[in-house]
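Letters A, B, C and D mark the chains as written, and numbering starts fresh at 1 in each.
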Amino acid sequence: QGRYQIGTPLSEQEVQQWNIRPSILANGVGLPPGQGTVDEGARVYATHCASCHGATGEGGAFTRLVSEPFPITKDVDSVDFAIGNYWQYATTLFDYTRRAMPFATPGILSDDEVYAVVAYILYQNGIIDGSEPMNAQTLPKVQMPARALLELDPNTQKRFPWIKLP
Amino acid sequence: QGRYQIGTPLSEQEVQQWNIRPSILANGVGLPPGQGTVDEGARVYATHCASCHGATGEGGAFTRLVSEPFPITKDVDSVDFAIGNYWQYATTLFDYTRRAMPFATPGILSDDEVYAVVAYILYQNGIIDGSEPMNAQTLPKVQMPARALLELDPNTQKRFPWIKLP
Amino acid sequence: AAAGAFVKLSGGLAQSKIPQGATETMKVLGTTLREYGERSEFEKDVIRYISPNLRSRHTGASFAPLEKLEGVVTPSSLHFERHHAGVPNVNPAEYRLVIHGMVERPLMFTLEDLKRFPSVTRTYFIECAGNGQNGYRNPPDMTLTATRSRGLVSNSSWTGVPLSILLKEAGLKEGARWLIPEGQDAAAYTRSLPLEKALDDVLVAYAQNGEAIRPEQGYPVRLVVPGWEGSIQVKWLRRIQVTDTPVMSKDETSEYTDVMADGKIYAFTWVMDPESIITYPSGLQQISRGFHEIRGLAWSGHGRIRRVEVSLDGGQTWKQASLEPAPDALSVVRFKYNWVWDGRETVIMSRAWDEKGNTQPTQEEFFAKWARNNRYHYNAIQAWRIGADGKVVNGDKTLAGAPARLGAVGRGGCGGES
Amino acid sequence: AAAGAFVKLSGGLAQSKIPQGATETMKVLGTTLREYGERSEFEKDVIRYISPNLRSRHTGASFAPLEKLEGVVTPSSLHFERHHAGVPNVNPAEYRLVIHGMVERPLMFTLEDLKRFPSVTRTYFIECAGNGQNGYRNPPDMTLTATRSRGLVSNSSWTGVPLSILLKEAGLKEGARWLIPEGQDAAAYTRSLPLEKALDDVLVAYAQNGEAIRPEQGYPVRLVVPGWEGSIQVKWLRRIQVTDTPVMSKDETSEYTDVMADGKIYAFTWVMDPESIITYPSGLQQISRGFHEIRGLAWSGHGRIRRVEVSLDGGQTWKQASLEPAPDALSVVRFKYNWVWDGRETVIMSRAWDEKGNTQPTQEEFFAKWARNNRYHYNAIQAWRIGADGKVVNGDKTLAGAPARLGAVGRGGCGGES
C-alpha cells in the first residue's frame, strides 16, 4: 500500500467492472472483440443516427458526419470540418461513438454495432471501400486523410520533447 | 466641489429631508422640540409597547425594559441586563425608541409620544420621579446608574488618546 | 446532521466495491446550460445554523457552517448573518448615501456614483463580537460543533470605494472626530466610528466575492471596517453624519459593551482578538485510525496571523501548523497539520498568534480578565476530545467555582441560543 | 440589457434628489434569518449569456457576465459553462474515482477518501480554448459586449488533493507517460494529459470557492490543470487510466486542434496565452464626461501577469495600469487605470504581459500565425470605441482581404454563437 493507506485496491476484474466505456488508444489498444460490415452499419445508422445526422450522414439537426474525402484547407469554414476532411484517427471514431453516441442514449450499441456504424461512416466518407469488416485488426490500419496535416504544437514539443503523435 | 466631482451636493434642508430618524448625541444634540409626561407615556406604552415588553415593562414576548434601579454586578446574568441596571445614557433611549420601536412599525410615534414613553420607562425603572416633563432640556440631564460602571476600553484609549466618553 | 448525531467522515470499504447507481448519469443527458447556477441537490444540508430557541427570526444570528467549508473565503450564501429587524429589500435605483454634518459640502451619492470612484478589493474577515458565546457555558455543551462554537465569523472579498475618498469629496470641517453611520433597515441601525479609522482603511463596499453584496450582508452598500467587530460595520448604509462626539447608540452601550471580571463595563472594544478553531476533526464528527490532515481557521483583528499551533495532547505540547494561503492582514487563514491517529483517546486544540504577538488565552486566562456574565469577545482556545471510538466532542474543561450558565446571552441577543 | 441597448452607467442628477421609495424599508421588518442566502431580486439580470442560436442547450457554452462583476473571483453561480451532454447529477455517496492502467495497485477512492489526503487550495483561472471566438468575425460585431468577447474565462479558488499524491499512492509503473481522465457525463468526456504536468501542479479538486464544486464545474470532483485550456480539465472525474500513449480522443483531434495560417493542424495546444479585456467601459455601456476608473481583467497560462498596459488613443501610446491583487500565478488579476474623459471620441484597449515575456498580438499579428478558420486560442487585443455621445462599441478594425465570417465555430461547438 501507499504512504497514506487511503483508498480501496481493486483487482483487474473490478477495474473492468468500473471501466464501462474503455478508451481506445490510437494504436488500437482497447478495441474489443467483434466486428461489423458497412451494410450492417447502414442499418445501425438508419435506426440510431439518421434522425440527428441526416439520412446518409450529410447533417441535419446536428453535425454532418460525411464530407469530401480530402483534408480541409485553411480556407474551409470550421462548420464544414467533418470526419472525412478533419478527423485524423479512425480509432477516435470507435472510441467516441461507443462513449458518447447516440447523443441521448449513449451505451446502447453493442460492440458489433459500433464496428458496423464506424465502417458505414468511413465508407460514406470515401475512406474505406467496405471490402473488409471492421474489427480490432482492420480499424487501426485505416488511414485518415487529415492525419497528414496534423503536427504536434511546436511549443508543446519544446516543453515535452518526448511526445510523438501516434 | 471635490477632486472627482462625483455626487450631488445637498442643501441643509435636503439633508433634513433625508435624515428621517436623526441621531441623538449623548450631549442632547439632535433632540427635537416637544415633550411628554410619565402619564402620557403610560398610555403610549400601553398602546404600542406592552404587547411585546409586558404590561409594565417587565418583559414578555421580548426584552424586559424595567429592572431594579441600581447597576448590574459582574454576577448578574446577561439576560437580566436592562435599562435601569445597564443602560448608561438616557439619550440612547430616545434615539433608539424613535429609530427602532415599535419593532414592526418603527417611525409611527410622534416626537411628543417618544418623549412621553421615554419618561414612562425611566420612571418605571426608578430613575426619574416624573415631576418634570421629558424634553430636550430635561432628558440629557438624566443620570443613568450604570454610567458609573462605564469606562473606555483601555486598549482603545491607548490607540485613540483623544477619546473621552460623554 | 442533527445535534447529537455523529458524522462519520473517513469512509472505509464500501460493502460492494462498485456502487450500483454510479454509472446512471452516463446513460442520460444532464441538465442544460443555464443562466444562473445552483449547487447540487446533494449539498442541501450545508446550511447556516439558526438556534431553535430564538423568539423571532427577525432579530438574531445565523452561523456559517465552518466544518463543511474549505479554503478561506466563505460562500456568500453561507456567510453568517446578524441583524436586528430583518434584512431590508433595498431597491438599488432608489438607493442613496448621504454624507453630512461637519462637512464643507453635504453630498448624496447614487450606487453608480459610488462605483465610479477608484475601487479597492480586499479580503477581510467579519466577525460578530458575540462569536464564541457558547464558550461561556459551564459545564461545556457536549453537542457543540465548530459551527456553533465559532460560526459567527466569515471571510469575503470586498470591493468598494475607500471612505476616505468620499469624506475628502465632501470636505471635512475642523473639529470633526466621529462618524455616525446609519442603516436602511427597520432598526435604522447606528453606531459611532472614529474618523481616524475611517481615514485609514474603511471601505464603502458594494461588492462581495465578485458580485453585488448579498442582502444579508448589506445590499447594496455597507461599511467594511477591517479587523473590528462586525456590529460596527453598518449594513444597508444610507447616511453618515460627521460629528465631534459619539452618539452612544443602543448597540454601543446596552449591547457590545463588555463586563469585566472586576465589574467594570468597557465601551468601544472594537478590535477582534486572535482566534482559531479546528474544523476537522471537530465536534460531532467521527474519524478512523490513520492519516488525517487537521484543518482549521485562524484570524486576528490586529493584523496578519503569524503562526498557528496545534496540540495533540490536551495542551501539553504544541506543534506549528502550516498556513494557507500566505496570511493576508485582517483575513482568515487556513491552518493544517498532518497527523496519524493511533486510535487512542486524546484532546486536540489550536491557538493562533498574530503579528503583534497576541495569542489566544486558555479559558481560565480569559475569565481572569472578563466577567462570566459578559457576552462578547470570547476567544479562548477551543478543545476537541477524540474518543477511542473516533467520536469527537467538545474538549473544554468544566471550570471549577464558575456559575453554571446555560447560555451566554439574553434572548434575542447576538449569537444567542438561549 | 438586450443586445443593442446601451447601459448608462454613470448616473447624473436624479430628477428629484430624494427618491420617493428610498425609506420604505425602514418602516417594515425585512426578511428573516435564513439557512441559505440568495442574491437580491434586483440582481436578477446578472446572468450568464447563452447564445440564442444554439441548436441544443445540452451541448454548448454559457458566458460569465464579466462587465457586471468586481474583483477577480467569479461567483460560482456565474462561472462560465461548457459541456457536451448536459450536466450530470452525480450522487456523492455513489461517487468513486478509479486510477488504473500502468500502476502497481489500481485504487478506488470515495469522495471522503479524497478529502482525507493533504489538501491544497489555490486560485486558478479556467478558460475555454474557444474564448474570444467572436474576435474572428469580420467586419467586427458592433453589438459585442465584454461578456461575449471574453466571457469563457472564470477564476475560482479550488481545493483538492494533488494528483501526484494519488498517483504515488497507486504506484506508477515504468514507462507510464500519459493519463487518460474520463468524466461521468453522458459523453464520458475524455482527454490525454502528460504525466509530467500531472506530477507538477494538477489538482483533483472537490471544492470551489469554499464549498462543494458546482454541478456545472464538475461536482463532486474534477481535474484542475492550471494554465491549460479548460477542455482538458475533465469534470465529473470518475476514472484515470495511466498509459504510455495518448488516446487521441475526439476532443483532442477533431476539436481543440488549431488550424494555422499555413494550413497545418496543431495538436495539443494546451497553454493559454496571455489575455486581457477592459470590462469598464466596454461594449454597449455608456459613460459621461469626467473621471472614470478603467477596469479590466488579465490572465496568462504561462505564469504571473507582470504588467497590463492601457491605450487611450487607439494603440498609439500605452500607459501602465495598476494591478490588484498582487498577481498570483495562473490566476486572473484586475487592472485599473484612472482616466478623465474629455468627451471626445476615442478607442481604448488593453494588453497583458506575463512573466515569461509573452504579450497579446494585434489582430493582424494573430492572423499572420493562425488561420482565419481556426476556432481556438484567439487572444488578440480587444478595442472599444467610445463615441462623442459616450456610447461604447466594439473598436476592432475591419480586416482587409479577410473572408467575412459570421461566426467562428460550427454549430454546437465551444462558445459557438452561430
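Convention: a residue touches a chain if its C-beta (ideal position, glycine included) is under 8 Å from a C-beta of that chain, and two chains touch if they have at least 3 such contacts.
The structure presented is a predicted model; accordingly, all values stated were derived computationally and were not measured.
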{"item": "Path length in the contact graph (chain A to chain B, fewest steps)", "value": "2"}
{"item": "Inter-centroid spacing, chain C versus chain B (mean Cα positions, whole Å)", "value": "29"}
{"item": "Rounded Å distance, chain A centre to chain C centre (Cα mean)", "value": "53"}
{"item": "Two or more partner chains touched - positions in chain D", "value": "14, 17-18, 23, 26-29, 56, 58, 85, 96, 108, 113, 116-117, 186, 188, 238, 291"}
{"item": "In chain B, residues with contacts to at least two other chains", "value": "4, 6, 8, 10, 14, 18, 21, 103-104, 106"}
{"item": "Chain contact graph, described as a line, ring, star, complete graph or other shape", "value": "other"}
{"item": "Each pair of chains that touches, named by its two labels", "value": "A-C, A-D, B-C, B-D, C-D"}
{"item": "Chain D-facing residues of chain C, complex", "value": "9-11, 14, 17-23, 25-43, 46-50, 54, 56-58, 60-62, 68-79, 81, 83, 85-96, 108, 110-113, 115-121, 157, 159, 184-186, 188, 206-207, 209-212, 214-216, 219-220, 236, 238, 291-293, 295, 324-325, 334, 336, 338"}
{"item": "Footprint of chain D on chain B - complex, ascending", "value": "4-6, 8, 10, 14, 17-18, 20-21, 103-107"}
{"item": "Chain B to chain C touching residues, read off their complex", "value": "1-4, 6-12, 14-15, 18-19, 21, 23-27, 29, 61-63, 72-81, 83, 86-89, 91-92, 95-96, 99-100, 103-104, 106, 146, 149-156, 160, 162-163, 165-166"}
{"item": "Complex contact set, residues of chain C against chain B", "value": "55-56, 58-59, 84-85, 96, 98, 100, 105-109, 113, 116-117, 165-166, 168-171, 177, 180, 182, 186-190, 194, 196, 238-239, 241, 243, 245-250, 253-254, 257-271, 371-375, 403, 405, 407-413, 418"}
{"item": "Chain D residues touching chain B - in the complex, by the definition given at the top", "value": "13-14, 17-18, 23, 26-29, 290-291"}
